[in-house]
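For reference, chains read A, B, C, D, E, F and G in written order, and residue numbers begin at 1 within each chain.
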Amino acid sequence: MNEVLRPLDTLNGARNKSVLVELKNGRQYVGKLRSFDIHVNTVLEECEEKVDGELKRKIGTTFIRGDTILFISVN
Amino acid sequence: MNEVLRPLDTLNGARNKSVLVELKNGRQYVGKLRSFDIHVNTVLEECEEKVDGELKRKIGTTFIRGDTILFISVN
Amino acid sequence: MNEVLRPLDTLNGARNKSVLVELKNGRQYVGKLRSFDIHVNTVLEECEEKVDGELKRKIGTTFIRGDTILFISVN
Amino acid sequence: MNEVLRPLDTLNGARNKSVLVELKNGRQYVGKLRSFDIHVNTVLEECEEKVDGELKRKIGTTFIRGDTILFISVN
Amino acid sequence: MNEVLRPLDTLNGARNKSVLVELKNGRQYVGKLRSFDIHVNTVLEECEEKVDGELKRKIGTTFIRGDTILFISVN
Amino acid sequence: MNEVLRPLDTLNGARNKSVLVELKNGRQYVGKLRSFDIHVNTVLEECEEKVDGELKRKIGTTFIRGDTILFISVN
Amino acid sequence: MNEVLRPLDTLNGARNKSVLVELKNGRQYVGKLRSFDIHVNTVLEECEEKVDGELKRKIGTTFIRGDTILFISVN
């Protein structure tokens, strides 16, 4: 293992893959990770908003402001 | 795909197009994306405020402070 | 249109004009835009505080701290 | 009018005059503006705390942390 | 009066004197001002926590994080 | 003991070990600490979300935004 | 007394001693102060979480994120 591995490296490895973004307000967004930056601003493609696991809205290509994000699960 | 694609590039591609800005307090603003900056401060033209999908107010050219924004859907 | 147009340029075009400043706590301030800075700290002249569209207080020349602002409508 | 007028210039013009500082939590402080800085940290002399316009406490020379401030009325 | 007087100068003049620190959550701390920094992090000696003016706890030499502070009364 | 020991050194010593991350909203995440940065953004592998000590969800490799974190217990 | 004494100097003098860390959410952590940084990120050893003065959990060596901290009592 590389001692200087950083959290953003993990996001970088998930580009173009489906990820789950969970926000501080409890909402969930699932979509293909297109890009992110050091503020964790994140763009998802074909983004779906879910509440309690159920699809609520399809909102297409979506820029999510990083400071609203709780976690990003990359599995 | 370009590995160094950044979230603001997606916003840049949406200039002069209609976007949906959803705030942390749940309000929605729809309008033509005129400009934005690194703080995600955003100016919409012909901006309409919506609550639960219904038009509440027309507020014209509007500067939205970036730290209030949850997401921007560019579809 | 100039590709590098920025949100503060829109505020700059509204100097000396009447603007509506809506805060995160729901209050509204209407007055002549005298100045602003990169934090969106804003000074309004002849500033009127409104609640639900009704005049509540006249507070004259007023410095509004930028981080309290939701949007500024410049129409 | 000078195009590069900034919000802090307005505060600078109010030094040694009585100002009203209203906080995000609704409290009001009235006193003589002694000093301020770029964070809008503010020192009032002979500062009086008011609730609904009525005097609650006299707290003398008082340093108010800038990030608690909603607005400063300089009239 | 010196035009470039700054808020921290007022705190500097209160070193080793008794001050009242009131927090955003309403708590009050009274003690001798030992030190502070630009973030308004503050150390009080023989610090007493008060609620509604009544002594609640004696907590000795105490480091108070600046971003929790509403005001510091230096009288 | 080294006088210049820093908090992130403690996290560095916990790489590849199981840690407990508790968030400001009360949620707990347990997993293997893969990486972290100066903002305390943290990546856990085989991450399990727990509520009141009971497993709620398995969310795999997960990036947790640092500003949501209350503490990280490294034992 | 040294005029340039700073708040972090007080924390530095408390290294390896037992301190009380009280958070903005009311929780208390007692333990041996191992390290801290300019953000007031703090590591306690043999850390005990207390609620209303009663032991709730032993969480061992613990990294506490600085922005959650209200005060650190070093007596």
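As a working rule, a residue touches a chain if its C-beta (ideal position, glycine included) is under 8 Å from a C-beta of that chain, and two chains touch if they have at least 3 such contacts.
All of these numbers come straight from a predicted model, not from anything done at the bench.
Engineer: Which neighbours does subunit E have in common with subunit F?
Structural biologist: Where subunit E and subunit F share a partner, that partner set is G.
Engineer: Would you mind checking the shortest number of contact hops between subunit D and subunit G?
Structural biologist: Tracing touching chains, the least step count from subunit D to subunit G comes to 2.
Engineer: How many angstrom lie between the centres of subunit A and subunit G, each centre taken as the mean Cα position?
Structural biologist: 33
Engineer: Please work out the Cα centroid separation of subunit A and subunit D, and write it as a whole number of Å.
Structural biologist: Roughly 42 Å separates the two chain centres.
Engineer: Determine the centre-to-centre distance between subunit A and subunit B, using the mean Cα coordinates as centres, and give it in whole Å.
Structural biologist: 18
Engineer: Two or more other chains in contact with one residue: find those residues in subunit E.
Structural biologist: If we look for residues of subunit E contacting two or more partner chains, we find 67.
Engineer: Under the touch definition up top, go round the ring from subunit A by way of subunit F and list the chains.
Structural biologist: Result for the ring walk from subunit A toward subunit F: A, F, G, E, D, C, B.
Engineer: Write out the stretch or stretches of subunit B touching subunit A in their complex.
Structural biologist: Within the complex, subunit B contacts subunit A at residues 1, 3, 5-11, 20, 24, 40, 66-67, 69-75.
Engineer: Contact residues on subunit D for subunit E in the complex?
Structural biologist: 15-16, 23, 25, 29, 34-37, 41-43, 47, 59-65, 67-68
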